[in-house]
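Order of writing sets the labels: A, B, C and D. Residues in every chain begin at 1.
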Amino acid sequence: MPKAIKKLAVLTSGGDSPGMNAAIRSVVRTCAYHEIECIGVHQGYQGLIEGDFKPMDARSVRGIINKGGTILKSARSKEFRTVEGRKKAFQQVIDANIEALVVIGGDGSFTGALIFNQEFNFPVMGIPGTIDNDIYGTSHTLGFDTALNTVVDAIDKIRDTASSHNRLFFIEVMGRDVGHIALNVGIAGGAEEILIPEEDLGLDRLVESLNRSRNSGKSSSIVVVAEGDKIGKNIFELKDYVDENLEGYDVRVSVLGHMQRGGAPSCFDRVLASRMGVKAVESLLEGETNYMVGLLNNKMELTPLDKAIKGKSKINLELLRVSDIMST
Amino acid sequence: MPKAIKKLAVLTSGGDSPGMNAAIRSVVRTCAYHEIECIGVHQGYQGLIEGDFKPMDARSVRGIINKGGTILKSARSKEFRTVEGRKKAFQQVIDANIEALVVIGGDGSFTGALIFNQEFNFPVMGIPGTIDNDIYGTSHTLGFDTALNTVVDAIDKIRDTASSHNRLFFIEVMGRDVGHIALNVGIAGGAEEILIPEEDLGLDRLVESLNRSRNSGKSSSIVVVAEGDKIGKNIFELKDYVDENLEGYDVRVSVLGHMQRGGAPSCFDRVLASRMGVKAVESLLEGETNYMVGLLNNKMELTPLDKAIKGKSKINLELLRVSDIMST
Amino acid sequence: MPKAIKKLAVLTSGGDSPGMNAAIRSVVRTCAYHEIECIGVHQGYQGLIEGDFKPMDARSVRGIINKGGTILKSARSKEFRTVEGRKKAFQQVIDANIEALVVIGGDGSFTGALIFNQEFNFPVMGIPGTIDNDIYGTSHTLGFDTALNTVVDAIDKIRDTASSHNRLFFIEVMGRDVGHIALNVGIAGGAEEILIPEEDLGLDRLVESLNRSRNSGKSSSIVVVAEGDKIGKNIFELKDYVDENLEGYDVRVSVLGHMQRGGAPSCFDRVLASRMGVKAVESLLEGETNYMVGLLNNKMELTPLDKAIKGKSKINLELLRVSDIMST
Amino acid sequence: MPKAIKKLAVLTSGGDSPGMNAAIRSVVRTCAYHEIECIGVHQGYQGLIEGDFKPMDARSVRGIINKGGTILKSARSKEFRTVEGRKKAFQQVIDANIEALVVIGGDGSFTGALIFNQEFNFPVMGIPGTIDNDIYGTSHTLGFDTALNTVVDAIDKIRDTASSHNRLFFIEVMGRDVGHIALNVGIAGGAEEILIPEEDLGLDRLVESLNRSRNSGKSSSIVVVAEGDKIGKNIFELKDYVDENLEGYDVRVSVLGHMQRGGAPSCFDRVLASRMGVKAVESLLEGETNYMVGLLNNKMELTPLDKAIKGKSKINLELLRVSDIMST
């Protein structure tokens, strides 16, 4: 393989997700395999500006494949949103002889990478790391699969207590703009209804549906609600509305919160991270830039960063239908 | 063993906890072992009033030892708080030839059992089933150990994201009146501070302590808060106060909620449930009544129900000190 | 949707896998949704011969989506391999007015279904349920994803002790004919080497590779071995050979065994099972027969049963390369 | 508190167990709290001989409370069994101004500590770290509770497949000399029989018992076997014998192996480790030596090392009886 570069850097940015460490490890080991240098940038873009760099060799990433979070840490950087900030960052990478940058993060992080490339013609490559699966150009983002298992495990626990007490639970899961998590865990958790940002079921139909299921003999129920659902209420208002308009259930709320972001990555996420790291580094070595690596039809593929940012990750309508049938 | 009775009933009451099913199984199998009949009462005391009874043999409890919740279900019964309600219940047990009752639940449930005994001279025996460990006469209530592991697992996940982002997390765990859960998971989760109902740390000292730990080089922190902590604020107000009065952290809140009550019971809770079921049934067979079975110094012991109800389950002061030292 | 049939049956056959119960639930609820009858056949093909049938409605599959194993049980049937056995089975389905059969299992089970169709022109549809992922026509079989997580969790635990003692562990995982499990868990578990049926690394190269990694500073190592690896030794002989020919490690063996087949299915497997059940029933309703439902490019697709049986599920060569790079 | 010493060292020795890292952390932080120096010794007694020392402060043990294994590593040392070896070790500690030693390990490790004390009058304190719970003077050794949960989780998974196929499983768990693990997991896993080193059930009675349970309608069974059971056969011979002498079951074996030693420690083990570390350091500071810290009746207590070594950890006979009743 021809090597367009001799030294690259890797950073994590935005919300962390399980698998980021496995991706860092893969980037570092792929560099070692191709005998090029690898620099870890701490604290995301802010670390790029401040030159918070650390050389990483194959041994330095030992024992992290199964750790949640990111050893490089992540931080928001207001400064990187300014031209001055990015100029400082560029000077830092030049001073350190860094020739390319792998950015592990979500679409905000990719936007930063793209601007950095446009301003300084600096090679960049993105790896989609976020539990929300809201990025175009990959069927799975890093951490999505792990988060699904974390949430389903929590729903299983809540169901134990729900069915012991004839309760109706509203469970809020992550997903401000897309319903991927809600849709999958709703099916897997045996939810009666799933409320997602892409659809507005309407309060009346929700109550009607819960009423119907109550009458069909279900003594407890779970409704999974994505943070960004469109029903026009927050989850506590939703509970109050249903409490007033539905008989026969004791209604409760559970907001799963930040535990969804952590934990040892699943096998799927570890393998995906390993593949993405290899693809990202080797694409840069081959002279590519401004792409995101992704999983499409079980293969590693490149998608232009601007498409990844602007494109929309659509929910699978088949799953909506499966959910309806399952709550028969 | 002389058998004072030939048929007994078992019910679960109050909030459910992991291990209740294992206790039901143990009661049923101990009856089978001693060749006496066992009746499962559904829906707690309400089922007692309504005669919602089902004979249970050794096979009927197969496959439930590892299930959270309670197959007998639990429910609050306003009717059982009235003399009329309890008279109906007594008539039901008489009609069904039931001669004794095992009640699995917390102190509210035991109060019901005690009154039932006092009014009708009916033999009762309590098994302490609650995750809060707030009952006098046993070092561990059923479900406490499982809940600890569930909470610690969640804290581990939250720590992944906390330490990736230099965040301070307030994590609310169950415990309205006692701090057992908070104290144990705080130590096990490596919490900076633990806020419990038994102690009022004071807001100033909390901020001061967090500030000190920030200055000592900790880039992220966890504060575990029991529901019933005495600091005089709910957890969101607490967050706001700290946000305003402490620099250098991004402060977040996570309320763990009802998932703490569910899940497959730990080995400890399954063994404890099995022991308690045997002790409860055999004590009734030996003619005992009005006791709660409990674990004291690793042995099964009986405590009078009135003591179990009125007594106070105190936190271990040694643990408070250990927590202080660990957050050095 | 036109309904070619009014009553169908479902059975599980061959080795069980996590997700089978979720698939049964999906078949039953899809029938309920389309208002056709559904019969559960116990004990696989043997139950078909003996008429071990039980009508199932939507409520009868409540609470099983998260259970490992199969509530319909599975059994090998020598009798079904004879014409006489299959004639009895056909008579049973005729007598019970069953018009189609969903078979959840592996390729042996599908062969039975295909012969049954050929002999009696009876509509059959297959759902691939096996942890080995060794079936052509689907990127994932039911249970594969769950088994991967179970194995990786075990490897993580073994690594704790391996790295505390400078040990080399040979870990045997399932996979008699294909290396899918070994390859994925090997990457995810950070294995030094992965031995699979598709490749013969050779003993000398294995020792050489382990020696190299020892010299590069690794103080402990994991080698993942598929049951059917081609290195020509069983895992204990392999250990002995390496023990004699490699210095500096204390060598141990762990055979993970049957725990790989059990456990609560992952979110992925629950969703996959739900989708497959819907597709299987609706395909039969549309008059299709002799197909297996599968996941191809994230969509539900039909593959002719004979192709599914004869075709070969190939390992992803990209993963082999990723594994090499990761063990740098 | 008067401080008899200004600098102490800590090492882990023997087989590792979950909670050792939490104990190291506690020793280090208790030293920091009392403002004395703490040295970590790598590789157990061998590291003591070689002077493989590393100063540890409160921050150096951050993030290890939830990690299995031991960051100080453990190793067997033949040299330490010789007078010459121990003289070297003593010279090393003198040269490094170390005034006392905390040893985390099992009875072999304690024997080493005791001899070291006797020869050089050097203060030593033991913390019982082993999953086997085979040490006198503590109701629980570090790692025992975690191992129980790991094993029970594996048994639950095996039961899924056992009950799907009408199988009888022999499951081997750790415990060469004592049956604590087998007895507890046997009850918690719903085992039909439990074979432990303390009892010889006899092959005939085993077969008879399994036969009886088969006839009583159980379609699958689990027998838990401790490594050191006294039935006079290894587990594979046992399987063969039962296969020949019992009808109606497909008999299988699963040897759980080294995964029992690893994994994130349970809440119980983390709290226990934290308490033990505090007690060990503070006892040394108070001038005590030659003791093991232990948990007795939920309190931290000291037991002379020679008693801890010679004493016998007895199984709880009540549990044997509970097991019998549960398998009714």
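As a working rule, a contact is a pair of C-beta atoms (placed from the backbone, for glycine too) under 8 Å apart; a residue touches a chain by one contact, two chains touch by 3 or more.
This one's a predicted model, so the numbers in the text were calculated from it and none came from an experiment.
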| item | value |
| --- | --- |
| Common touching chains of chain D and chain A | B, C |
| Distance-maximising chain from chain B - centres being C-alpha averages | C |
| Intercentroid distance (Cα basis), chain C paired with chain A, Å | 28 |
| For chain C paired with chain D, centre-to-centre distance based on mean C-alpha positions, whole Å | 36 |
| Inter-chain centre distance, chain B versus chain C - centres from mean C-alpha coordinates, in Å | 39 |
| Multi-partner residues of chain C (each touching 2 or more other chains) | 156, 163 |
| Graph class of chain-chain contacts, one of line, ring, star, complete, other | ring |
| Touch relationships between chains, expressed as pairs | A-B, A-C, B-D, C-D |
| Of chain D, residues touching chain B in the complex | 25-26, 29-30, 32-33, 58-59, 62-63, 65-66, 139, 145, 148-149, 151-152, 156, 163, 184-185, 187-190, 216-218, 264, 266-268, 270-271, 274-275, 278, 297-300, 316, 318-319, 321-322, 324-326, 328 |
| Chain C-facing residues of chain D, complex | 12, 15-16, 18, 20, 67-70, 73-75, 150, 154, 156-166, 169, 252-263 |
